[in-house]
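Shared between the two complexes below is chain A, which has chain B as its partner in the first and chain C in the second.
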Partner chain A sequence: MLERRFIFERRGQIALLVLAAGALAFQRLGLDPRDLVPHAGGAQIAREFFGAALRPALTFEGALETSSGTFLGRVALALYRTVIFAAAAMGLAIVFGLGLGFVASSSWWSRERFGGRTVARRLSLRAIAMSVQAATRLFIALLRSVHELIWAVLFLAAFGLNTMSCVLALAIPYAGTLAKVYSEMLDEASDAAPGALRDLGASELLVFLCGRLPRAMPDMAAYTFYRFECAVRSSAVLGFFGYPTLGYYLKLSFENLDYREVWTYLYALFLLVVVFELWSSRLRNRFVA
Partner chain B sequence: MSASHIDRRAEVVRLRAERPRSLTVRFSLVFFCALAVFAWVSGEIDAVDFLSKRRRANVERFLEQDVLPYPLRESVRTEGGGGTLELLWSWVAELWTDRGADAFWTTLWISTLAIVLAGVSAVILSAPAARTLMRTEPFARTPARGAGEWPWRICAEAVRFSLVGLRAIPEFVWAFLFLALFGPGAWPAILALAIHNAGILGRLNADTVENLDGGPLRALRSLGASRRQVFGLAILPLALSRFLLYFFYRFETCVREATVLGMLGIVSLGYWIQDARARQRYDEMVLFVVLGALLVLVADVLSQLARAALRRAR
Partner chain C sequence: MISRRTGARFRLSGAGLVLGGVRVLQGVDLAIEPGEAVALVGPSGAGKTSLLGLLNASRRATEGVVELNGVDLAGLGQRALRRARATVGFVHQDFALVPNVRVAQNVLFGKLGGRGFLQGLRSMVAPREDDLVRAHGILERLGIADKLYQRTDTLSGGEEQRVALGRALFQDPVALLADEPVASVDPARARDLVALMQELAREDGLTLVVSLHDLEIAREFFPRLIGLRGGRVALDRSMGEVREEEFAELYRLGEAEATRAEEPRP
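Here is the complex of A and B:
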């Protein structure tokens, strides 16, 4: 009985549809599970690579290493730069995300604020408000729809290798995502406090900034922190394109077959992300309590 | 000033002094503001060089020549207009049938299969990662204490810890490693996306299970149901909407990432972006970037429709 009910429910159908889509994808890609057994060369690499997992390097492995300084110093520098680029990008993304998020939210364009007394005035003001909001939302969607690595490739082609272009590549899609989520959170915030302020005769800008914004602030801060963690990961990956973050050194070590060094970088990235996660979950608990 | 006015003022001051404050929140805010400011003045970011004459000349050339579609550039050079729109259209159509369509669908299928694999493993992993289920007496109102609890607890924490490990390493790095192990093909991308997303969805699903109302689960348990039966008959139906919401939320991100993984040599859209860049055909590159953006917008709409349908179904 239970199974039959499940199938006739909407979410049951959606779940089955999802599984069918997976099967279809498998068939369309012409995949063969046997390819998952690594080829001879791959198996050799796999053995060496995973064999090094428990022995991460603490000093340079490569015989050709001529650079000054220690290996752990280099790991620290890679981590430092990864965090610095992420922080710089998030700084930009938060500023632009807030501005765009305000303009994209429905509560910014509230009826009380852009109402007007006569019908003609009201209609024209509403039309202007709606079109500005729609244009902002479209702009945000465009910012978000291009991945940070593709922005990086575009900037590499346009500007050449420059650390500022790395920061911009990160900041643009992140500003878009933050703006979208901020605007949703502002609209979903409870109407009680803004309504009370409005009844007291506060100006509409004050209603938004002192009534609505503080209500949405905890959620916005928690989400921002989560995005910071994502930015750290993305910043590490940008190294694969030649920027001096963690990915750059990881790629170098892997291509030199220094697998123990690769594991050190992986563990370092893992530690960094764990620290951020613990921190942000602690913050979330504070906000909720 | 009237007495009541002063009273009210004192009340406001008192309320302000008593508002909830947390050292953690304050410290974090100050720390991250300071970090963002420090990042800009640390000297690691070349904002000055970015605006230098050489860079500007580069950008001008890029915008005025490189990204102009090939037929447009030709017609500007020869006569200036005349049937350009037709030429432009045939240029786009040729690139689409030649490579674009194939890469477009491959990207979509890779991300679909990857997210389904991730979703299924996340549902399975959510059971051993749920601390409320992993107890000698699951969902008990007052958790039992004692030596018998430790194996369960260690097991749950171990699963959660490995989930952190899966998601801490970015998809791109997973794909880079798998490419060396499995050779070119779609599998490295699928596995990379599936593993990273299994880490994220597994954690979200496990949190959902932990936050479920314990009543029905306790009742089923007291009737003598095994842990597996409780999971299949009560937890899954209760949490399925949430699981699916998270699933579609990650699907959108998965499509974005699948595009990019092509840059490593898997034939998705990113492959042709990288290929056009290597051949310095920037007009083609921009066309594929736009195609990728379109794909992401389509996935965005799909996932929003699915989530809206789920909200209505609840």
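Here is the complex of A and C:
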């Protein structure tokens, strides 16, 4: 007699559990879709704001605007600053992410590399390797666990409003995220080529750099591009703290109730992300194919 | 081509290997002379790959002695062991190439064992011209010279196998080992490939040890046959002396063992 089994039994239970958790959260928060219907005064503002979406500003809206230059020039400057803040932060994050990612990966601490001839030596080397790896992973988790906005608030208090503190606030959590994902991608790369290089007498460092790293490289590059895109968005948001990125200008226009300018900034950000996506997918294709 | 040096001499006495608590080789006594061409046969799980691993110094014997050109491998430190591995070319069953680099780089990786760190790294990033010339020469002998700058993962299986062979030859080895080279390509190509390896080994004076499933090919190309069964040497004879029943015996017993292992527990 054949035992009947439901193939999706376990996965089905988990999916139901996740849905139930979502429903419970809704109920606990007392979420009500009617909250999205604006009250009397709000309705007017909402109408104005969303009405402006179809007519983004091409010139300064405010009558009090005294700055020289055109509005579109300012949008371009805001975008440019947003991108270079993100690029500087990503540059730092990639360097530290690679270094930390190597040390956090299991393949860096291979048995062949940190394994002695005698049992005592082998055990002590393994113990050292595993504790350094664990410490690195803990450190990476620490970097990641604090969001860039919180780092920005901290640095703003500590160093004041300067460019370096903004870049650092972005770079720290990004280095952590890159390190974690890099280390996982390196460990997931096939063991075949590294094994073959080991078999022909290559040192463990070369086994890692020539046999393993190239295999993981396309995935790592694709992920780095995605994080760059995230960094651009974060860099824009950091403007709300007073750094001269897109968010700064967005906030000014919003406070002056120049909704059409707000929409121009938002569309510019959207356009930037799209351009990024096109660029990264082209590069990715060249890497992979 | 005149052979520049003599091939490797392997000597194993009482060699055994335990992997992850499972005994895979036991009491292996063998002597393989320089320039010999040996076919290693036996059913799956007989220990062919493990034996090649011992010869390549990529695995240390759990007991007994394994000697490469008179040097006991058990006594070697990490560095000396790497130098020993650098002298033995190994063509893996799955080729074990880096797929997303060019053929030239994979071939040049053959010298990673014989060079320092910076030189090794250079072969990936900015190869020396004389290295490229040498790699091209090797690919020419293998009939795929036009693939030098092609990405490795765009090649066919047969071509990839030749790249793996090219990487082994770029090591400038004294021995060439190949694990089931016939299993990974179609039969017509398999015969060509074994013939090619035979020819290369003879020209360069390399000791050749190839594990095979195909007795036809073993008989056609190799003067000596070593049969493994259950981790022991069951047969070691020059090809002419092997009787038909002995072939059959090797595999029949092997199959019986395999069947027994697969029987469900009561």
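Points to keep in mind about this one:
Quick note on the criterion: the second predicted complex is superposed on the first by the 281 of 289 C-alpha atoms of A that agree within 3 Å, B and C clash if a C-alpha of one lies under 4 Å from a C-alpha of the other, contacts with A are read in each partner's own complex, and residues count from 1 in each chain.
Everything that follows uses one rule, which is that a residue touches a chain if its C-beta (ideal position, glycine included) is under 8 Å from a C-beta of that chain, and two chains touch if they have at least 3 such contacts.
None of these values were measured; they are calculated from a predicted model.
On the shared subunit chain A, the superposed partners chain B and chain C overlap sterically. Considering which of chain B and chain C touches more of chain A, the answer is B. Shared-chain residue A:9: touches chain B; no touch with chain C. In the superposed pair of complexes, A:254 makes contact with chain B only, with no contact to chain C.
In the superposition on chain A, no contact is made by A:139 with either chain B or chain C. Once the two complexes are overlaid on the shared chain, A:226 sits clear of chain B and of chain C alike. In the superposition on chain A, A:203 makes contact with chain C only, while chain B stays out of contact range. Looking at the shared chain after the overlay, A:18 reaches chain B, while chain C stays out of its contact range. The clash between chain C and chain B in the overlaid arrangement falls on one stretch of those listed (74-82, 110-118, 128-136 or 200-208), that is 128-136. Comparing the two complexes, residues 287 of chain A contact chain B in one case and chain C in the other.
Within the complex, the chain A residues that touch chain B are 2, 6, 9-12, 14-15, 18-19, 21-22, 24-26, 28-29, 31, 35-36, 38-39, 42, 45-46, 49, 81, 83-85, 87-88, 90-91, 94, 141-142, 144-147, 149-150, 153-154, 156-160, 162-165, 167, 221, 225, 228, 233-234, 236-237, 240, 247, 250-251, 254, 266, 269-270, 273-274, 277, 279, 282-283, 286-287.
The touching residues of chain C, when paired with chain A in their complex, are 56, 58, 77, 81-90, 92, 94-101, 109-110, 112-114, 117, 120-121, 123-124, 164, 167-168, 171.
On the side of chain B, the complex with chain A involves touching residues 22, 24-25, 28-29, 32, 35-40, 42, 44-47, 49-50, 55, 58-59, 62-63, 66, 105-106, 108-110, 112-113, 116-117, 119-120, 164-165, 167-170, 172-173, 176-177, 180-183, 185-187, 190, 233, 237, 240-241, 244, 247, 256-257, 259-260, 263, 270, 273-274, 277, 282, 285-286, 289, 292-294, 296-297, 300, 306, 309-310, 312-314. Only residues 117, 192-193, 195-203, 205-207, 209-211, 214-215, 217-218, 287-288 of chain A touch chain C when the two sit together in their complex.
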